[in-house]
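This report refers to the structure that appears directly beneath it.
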């Protein structure tokens, strides 16, 4: 099987600090690929380079065979790459429904339409409501986003990514700061989505990682030290030494 | 080209440059550290000039006038900061622009009320009122030379304060990363007030230095403040070094435009249209410079790191 | 729809009938009160108030109602204020106007409404020429005349080369055109500097150029506060004694007290030309100057003199029709005669309603009390009419 | 419920305002006070300009400190043809809108690459360039400005040489412009603009080329303001570079903020408050700028929603 995403020797430096160093990674279609590693390992930088929010210093990214290394983020989105943000990034002074509807709108042709009331446009509203229902925010659709709870913000992040009907979903710590019950809800959602979507998941919650991931990549100091199935990763000595010995895993 | 004229114009450009630097350095620090757009900075320039005029009148000495006017202007700056500006830091740039636009109107009206509309001449002591032959054939007004030396001295002092002292370090830290000074446990409020006061004093000094030449007048700060903004934008907001280089650059370009543009344009246009186009075009030059620089460097020449 | 509404509106106006018979002469006076140029406006307003007081507040049996408006040194505001005077206050005369560009912007509003427009200072070439109007009168001069007199004076003095500096606006261009027209020597350099809001006041670059040009004289026109600033820098740059200063409308009684305070002795003896001076020898002028000094404790400027004349010109018109302000033709005819005591002495109006008058050379001197003022030296142009009058089809 | 009450209060106010505006000429005709008509004319023109600024500033978060440029460009597009004896109204209007649009396209393409204060200052810089540009063209009056002898000629359609006709022409223009802006802000395009103000990075990441949408919005605002400029030129019969001074741009921002950003009628309230305050205060005292300035500071400090916000507040309280 050809991978849906092929990353070769990707690099990014900030000043003197190397955030990602010669990353080579293949992501296969339909899999959930988790990226784990201690804080500062360069996981978010990797996601941002994949989404186009950061420019790569070096290396290449191939998505479905197309070179997208220098493509701006909006074009990648149109190709089918969507991301969520670790630090919530929403249109805070618009309603929940508006946020999702905009994501739908971005993928239903150009928006040089000046006349028709967009909030009455069923082509936008119906898919948006469907996604909101999927993530369980339907009851909060008219609330101004600023007033949602933290957990709801996380859910909305995912809803917006989903509304763009992505082929590849980049999830940057979607469970961060969520309670156990909410986390379980999200795990269920991701499991349901697994058919037909490829996901890259950054997550510190190891229960979530090991219950969802088909493949796991471990990053330390901007480099990949291991890639494999959850089983292989558990058994990997290097990982154990560098990471799994970390108390973080044991407590979770 | 006539080299005597050329050297004289370089000195004139330098004089305008250091004057702009006195205004711009305070502006860029206030902007860089507090993220505050202060259109009313020019009003402090005006207040400084009027204070200097009044104190010179009372003490009958320009030097005493300046010595008294500098702290007085700083006090006005501090009072304005405490009463109004402080409440605006948390709001957005748009609010800053509007509120300080309002402040300008208030200051202009107050000065009109207190000193009348006619402006104020500031007499210079005889030793400053003459000329000095700096180089053979190059005779330059003494007072303008004093402006240049004062400005350059202040620039050096400011450089030393910022690079060598603890408060300078805080200012630098603040200009490149605002949240950091809070994390260092510094009393931000006091630091802000002090920086604002110091900025006011420098703006006031600039006003004091120019008014023996042009007179103190209402609204004198309103046009130079726009030029000062151009300077800090070109230099990169928050960078004192950038402000200095940009101020000198703008000073030169403006003076050279006024001096030689008409001669240059006469090569291209008829004498008559060159005469009328030159003043407008030379006024436009600095804006063209700014736009060009922003096209290639959207953050100015020396953006402080980490923002 | 609009037509109907309009008809309704006109019907309404007709129902009320013609405006109630006037028992007051309403004079609108537009000048600059705010901004640094307000110092000129103050002199004019003082003079107008003095004139109204001197005539006992009445002309032709009618009370004088004076409405002062501030143009803020902006053409657009001047026009707005003129509109207000015409439409809201329904004045009979609109007077004042320091600045040529303000007058140009405002003239249509006043003249189209059938009002008299009297310029107490500005004299742009357009209004003297093709824009001349039967209801426009000037109590000052056409912009070019004073510098033409200066050109003549320079010729008489045998000056061979001249450097010109003036602000870049209508009057500035007229002034420089005026002196260039008459001056026979060589113009070695010319600078038009930024004017209006944000006017340039630091002339370092220009003065350096003037110095390098080696001219035998420097001609400047800097009205208001720019004049004082210029003279100081002229002295500071060490040009005094090297390149003599010849000025028009620059060294006046507004600038002189400040120059005296700043001990700018260099201005003493510098030459200018003008149609009037405080020491001009006629009864009306003596009354005006002494009255003004008594009331305000300073010499009047020429702006004040022209404003003082404005009131007397209006008075002559109102008295000629015995206070019947609807007799526009009668008033116009009376004003055309210039039959009133003017501070400049006897003069007449040309076809374009600009004065035909003498221009004198003046020198800066110290008066009996040691106060700096200007004194008349001699007549440079006698009964001079502006050159644009021939373009006026009237 | 809350929304419904607010809506009715708003509608009531809107209806009252436009009824008053509609019948004003009859009143001024009866009382023979044409000056108020002039005042309202100026107010309505400024309201159109402020509404166009509100489109980019209030809805789009683009703080342009140079919006007065379009007023000037529009006015000169009436004045310059009139100077050559071309008084064809539709042509002049077309020129005004097209020239403003082109100017907005070129400058916007550059300005929108910058952010925050840099954007504020670069928009100002471009306007200063136009300002000095017109100052230097002596043919059209330079610093002194240009008198427009004849107003735009719309043939038999409407003769705006007559002040009352001009008044209705401006009133209808205002209504149409407000309606257009209302439609745009509610449309798909409008949502993209609003979203870009709120969070531009996220808008890009969900697939919008925000730069282009914002640029188009910037151009639309410029065109509308250029139209207002054409009206202004006709109304004042006079144009000068002074109209494009940076303080004039500041005044436009003030109107938008005073009225309340992002609301449809806000700019109308703001322009009205501005014109009336200016007129009233300046007749009150020589030092009226002080009161004006103090008021400005008060609005910023205490009345963030502007007049429109106060209306909303009252509407909510009533219920």
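Points worth noting:
Chains: A, B, C and D, in written order; residue numbering restarts at 1 for each.
Just so we're on the same page, contacts are C-beta pairs under 8 Å (C-beta built on N, C-alpha and C of every residue); 3 or more make two chains touch, one makes a residue touch a chain.
Predicted model only: the values in this text are computed from it and were never measured.
The remaining chains, considered with chain D omitted and nothing else moved, group by touching as follows: A | B, C. Shared contact partners of chain A and chain D are absent; no chain touches both.
A summary of chain positions shows that the Cα centroid lying nearest the centre of all protein Cα atoms is that of chain D.
In this assembly, the C-alpha centroid of chain B lies 36 Å from the C-alpha centroid of chain C. With each centre defined as the average position of its C-alpha atoms, the distance from chain A to chain C rounds to 75 Å. A straight line joining the Cα centres of chain A and chain B is 49 Å long. The residues of chain C that reach two or more other chains are 33-34, 168, 173, 197, listed in rising order.
In chain B, the positions touching at least two other chains are 112, 222, 276, 279-280, 283.
Contact with two or more other chains is made by residues 135, 138, 142, 247, 286, 289 of chain D.
All chain pairs that touch, listed by label, are A-D, B-C, B-D, C-D. Against chain D, the residues of chain A that register as touching in their complex are 51-53, 72-75, 77-78, 82-83, 85, 89-94, 98, 101-103, 105-107, 111-119, 121, 124, 160-161, 163-164. Chain contact summary for the complex, chain D toward chain C: residues 25-26, 28-30, 32-36, 38, 42, 135, 138, 141-145, 147, 149, 158, 162, 164-165, 168, 236-238, 240, 242-243, 245, 247, 282, 286, 289.
Of all the residues in chain C, the ones that touch chain B in their complex are 33-36, 38-39, 41-42, 168, 173, 190-194, 197-198, 201-202, 204-206, 208-209, 211-212, 225, 228-229, 232-233, 235-238, 254, 258-259, 261-263.
On chain D, the positions that touch chain B within their shared complex are 57, 63, 65, 110, 113-118, 120-122, 124-126, 128-129, 132-133, 135-136, 138, 142, 246-247, 250, 253-254, 257, 286-290, 292-297, 299-301. Touching chain A in their complex are the following residues of chain D: 183-184, 186-192, 194-195, 198-199, 201-210, 213, 216.
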